[in-house]
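Next come the structures, one after another.
In the two assemblies presented below, subunit A is common to both, partnered first by subunit B and then by subunit C.
The block that comes next holds the complex of A and B.
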């Protein structure tokens, strides 16, 4: 069922640093302030921090799960499902990761185009942009996971200046905004915690690229670094946003991060326009990875050739982005996806983890 | 492979034609908008924009070529409250009007009294405009201010925005559109804007216009701007003129002013708000017979008393009108766990405000 992956197609352990990082950072980062603080108010940075730490826990679980499976051959989510739940039920369950990936790639792409249309090119036809974009994605993905990782690496380095905008700028900060700290009850914090999911959706991607890692035991450390760095970035971003906007104001802004960028450079106007275009580099690795993993998943589940599956996926993206027409539908999809993501994180993955433990206990007894 | 690349290229080229461009030579960039209220939900709008034209021959030194100032372009007309002026005057432009470089928005007092809700919410929604533009209230007519003749040849929009900008570095509290949005949408605070006036061939700052959410409620004169700023934010460039004895003035140039708030009993019926202001300053201008002849402590003490008294009076006035441009409510919130925001409006007028000022004159110039 699972053929051997040649050493030449594998990525080095440090790839586990760049991949989760660029997967996590997405369009969610632009609206995180509003989405989280509508529940947790001026304490919104706490759920962001908690969620970030819990992704590290999830990553640990994922590595334990996958490590054990490596001994048995294929070690991605598809072979795990099939091994645990049998050929038919496992095959049916494999549709869940496929849906997750499809939504991951598509929601990101479609929301980005929406921002592009709102901010700069109101007349830009969606299909035109998507077709060109998908050609680019096709070109990258056809090079395999190594090329996709390379794009992640580039994205990381290209995004460094953007991160610095979150680390340095305190112009117009009202420090009293986040006082008093810890003023919200556990229910409000938990609601905010759930709302954070939208920004951390890229974290379980390790289930797809794990078999492609050289020396995965060394990659584990890198992936924790990556998640911690991302958490740090999100928390600083969140705090700066909270310092800069008043609570009432944040609720009126759809993408507070963009509005934040509007004024953060003292001598330049409209830096936000520049960053909208620059944000393409955040989008590119994520869609490429989604397309790659999706086409590979279809190969595993439906026994297609990956090349053909990829074309099918990209055509799917193009058609779907024409089909989803306005902001309301995008919001709905985003909400559905965040819900799916939340249960994937806190139900599905822990369930697999526990199930695996029982599975092998029972097996050993029987043997 | 080649064929596919060619197809992609072709598409990129053909797509470039789909989106209208905004080339800077081919648009008119609106830099100032003025609104005068006509009553009954109608406003008289004015927009100005510099008309950039291609320069003359190179090396001509600008001779014979009109400057931007001379090419200022102005459109005006009546419309309904809340209408985008750029859309309104699009039909008058010989080139497309664009709003991306808007620097100032001016409202006359009548319009401010009527309420700026529609304008503020429109600007907050519009992705094209910056958040560091200035909103200001005009004492008089915004249209006359924008269309008037001035001594300087600088375009009026820049004249206004430069003047507000440099004053906000000194005695006036910093306040751009972002600050207005901050207070307008924020809880337990109210926005304010600088007030300007055209006098003869000049513009003048006239103090601050204070709002009750979106409606003009009160103004404070220029001489109180220092007191306002001292309570509002830390700054280091103001000048305070103190009448030490009748007709003997001492001017304090502050090099560092800080304010610290302490709040007690934030959820009680009468919260205690204490502001501790410390000002470090220097004296350059002093009437003969003051500095050097009276102990400096005496001058400091007198100044402290006067500032404290003025601050208390000012906040008392705000409380009576129940407006909160100093964001005191938000400061109380930041000191109070589980702040009871619903009753704040009723409790604010009863709050005890106390201000203590600590002045330190650390030098008095180069003569004794």
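The block that comes next holds the complex of A and C.
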């Protein structure tokens, strides 16, 4: 079932730095302030920090799972499921990661188009943009995982200047906004913690690209760095946002980050238009990776050719984006996906981890 | 339908009739009417022989001086005597007609005892002098070497060989072209150049199925990884110093007979934007010029399309101070920004083409006239706006600072898809179009090596000679991109030893 992956198609360990980073950064970064602070108020940076640190723990579990699995050949979530739960049950379980990936790619794409429609072209037909976009994704993904990694690397470098624009908000900061600290109880913090999932959904992607890493033991370090950097970015963004907007204001803004850009005037007026379009480069690596991983997953589960599976996936994206019509439906879908993501993070992966521990214990005893 | 197919088959059928002559007599029968073919019987006092050569290929003076003078000597009685007497190296004695034919059509002289005698002596001669070595015309430099490649392969080889005087510098010759039999030379240093690269190039050149090969750019197209890409994948240079520098780095240079430039392979995209002048200036200044070049190349390819996108769809981006002058200059223009920009771009392209095709003297005049007409008159006539004129002129300048001409044309071509996508979908369209080209670059390879190498795959060590050029003392390793056989240029330990211990303090 799992053919050997040739060295020419593998990515270097540093790929494990760029891939999780660009996967995590999505449309969530535009609305993280509102979503988290509706539960945790001005302490919203605490759940963001906590969640960021917990993703590192998740990554550690993921690497332990995948490392043990490596002895049995190509190790990704599909082979883990099949080994632990047998052919039929495991095959059925494999549908979960496929749904996760499909939602990951699709929700991101659809929300980005929604932003484009609201911010720039109200009359932009969804299907028109999606078709052009999916053609591009097709062009990238037929180049394989190396091209997808290249896209995420470029995305990282393209986004560096964008992060520095946030620093200019220091001029308009009101430090009293986040005082008093630790003003919220544990329940509110936990609610905010759950709401953070929305922004960290790209973290478990290592389950899909692990077999393509050269020297995965060296990649582990890079992936932790990547998660910590992302956590740092989110926390600074959060704190700067909380300092810049008051609590009353932040609850009324759908995408506080963009409202901030609206006030940022370097040479041109309303650069927010420019940044919205620049955000394409945040979207691109995630959707490309989702399309790649989804088509590869379909290859492993349904025994299709990846080329054909990719076409199915992209046609699916195009059809589904017509099916989801307005902002309410997008919000609903996002909520469902965040819910799925939350349980994947804190139930499914730890469960697999514990199960593996027992699985190998029992097996050793039998042998 | 069947008839049509068979007709096509018949048309594409190879002509089987063997046109090559079987004997020397056949060969002469074919050649004897040509005005530049010299075929005569030399009647000396003791010895008669037939001499044949092409006046258009062999310098006749040397034939008189070096061959005919020896034939009249007393001791010459037969072909073997000539072979012993002539003070010329590498005389060939053969009966092979195909060899005789190929030598006759190069700079060789054939000597026989009787006219149709199959036994021939082939004497190498000096070829007619072609163009002298002159200054390079496209890749000019203010300081540094002033020699440029010429059309003769042997001269070009000597220009490179003189710069690499070591036995490891190996030159391989391959003949390409069924009809033309063009000589193609591969130059590389054994032990430094990657074996795999050399094999790939050799394989690709040997496997070519062409009838003729005119220029090195034609070869570049034929052996490139992706011939549908608008981006050239191998650098062509007319500077022997640049070619030699590349060979020292571990690259392979390819020369084609009759072409005044060399091909350097493999190459990355950044190298197309580095002029050889950068290496002759102090490293900060060289790096500064390189950055300016890259910046303006990027700006020049997107500036007109940004103008179109912003003026058509995103006028909220324009600052209030600029709005007044923009309205003023646009108010009498009857076209959409996209039409306006396309008209002006096509006009500039026309001007460039006219400048390139016309003879130099006329070209200059036309250039000035065209510039004035297009510049001021079209604004006064209300065909374009002043602002766009500035943008288009600046971007035309920007695209021509690319040192490599083929890359410059690619950069000029890029603005048309950008313009159209900006006209159709505004900034999102432009972003999609640029992204598409970036993805294309990401997938492109040169000789199987990644084309945008120091960026992806990220190799920090190769960045020291990409966007900026660090001083030579910092460049002790060869580019990792080439996977060279010998990775280091110089021994870092020895450098440290020679430099001696660090100064402990001021004035000690």
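The criterion applied here is as follows: the second predicted complex is superposed on the first by the 360 of 367 C-alpha atoms of A that agree within 3 Å, B and C clash if a C-alpha of one lies under 4 Å from a C-alpha of the other, contacts with A are read in each partner's own complex, and residues count from 1 in each chain.
Criterion: a residue touches a chain if its C-beta (ideal position, glycine included) is under 8 Å from a C-beta of that chain, and two chains touch if they have at least 3 such contacts.
Model, not experiment: these values are computed from the prediction.
Colleague: Using the touch definition from the top, say if A:247 reaches subunit B (first), subunit C (second), both or neither.
Modeller: first
Colleague: Quick one: classify A:125 as touching subunit B (first), subunit C (second), both or neither.
Modeller: first
Colleague: If you stack the two complexes on chain A, which partner ends up touching A:269: first (subunit B), second (subunit C), both, or neither?
Modeller: In the superposed model, A:269 contacts both subunit B and subunit C.
Colleague: Just subunit B (first), just subunit C (second), both, or neither: which does A:71 touch?
Modeller: In the superposition, A:71 contacts neither subunit B nor subunit C.
Colleague: Once the shared chain is lined up, is A:160 touching subunit B (first), subunit C (second), both, or neither of them?
Modeller: neither
Colleague: Check subunit A for residues that touch subunit B in one structure and subunit C in the other, and list them.
Modeller: On subunit A, the overlap between the subunit B and subunit C contacts is residues 121, 124, 129, 132, 136, 269-270.
Colleague: Using the touch rule from the top, collect the residues of subunit A that touch subunit C in their complex.
Modeller: 12, 14, 116, 120-121, 124, 129, 132-133, 136, 139-140, 143, 147, 149-151, 153-154, 157, 267-271, 273-274, 277-278, 280-281, 284
Colleague: What does subunit A use to touch subunit B in their complex?
Modeller: Listed in rising order, the residues are 118-119, 121, 123-125, 128-129, 131-132, 135-136, 172, 174, 176-177, 179-180, 183, 245-249, 251-253, 258-259, 262-263, 269-270, 272.
Colleague: Please output the residues of subunit B touching subunit A within their complex, sorted ascending.
Modeller: 4, 7-8, 11-12, 15, 18-20, 100-101, 124, 127, 130-132, 176, 178-179, 181-187, 189, 330-331, 334-339
Colleague: Inside the complex, what are the residues of subunit C that reach subunit A?
Modeller: Within the complex, subunit C contacts subunit A at residues 313-314, 316-320, 426-428, 431-432, 435-436, 438-440, 442-443, 455-458.
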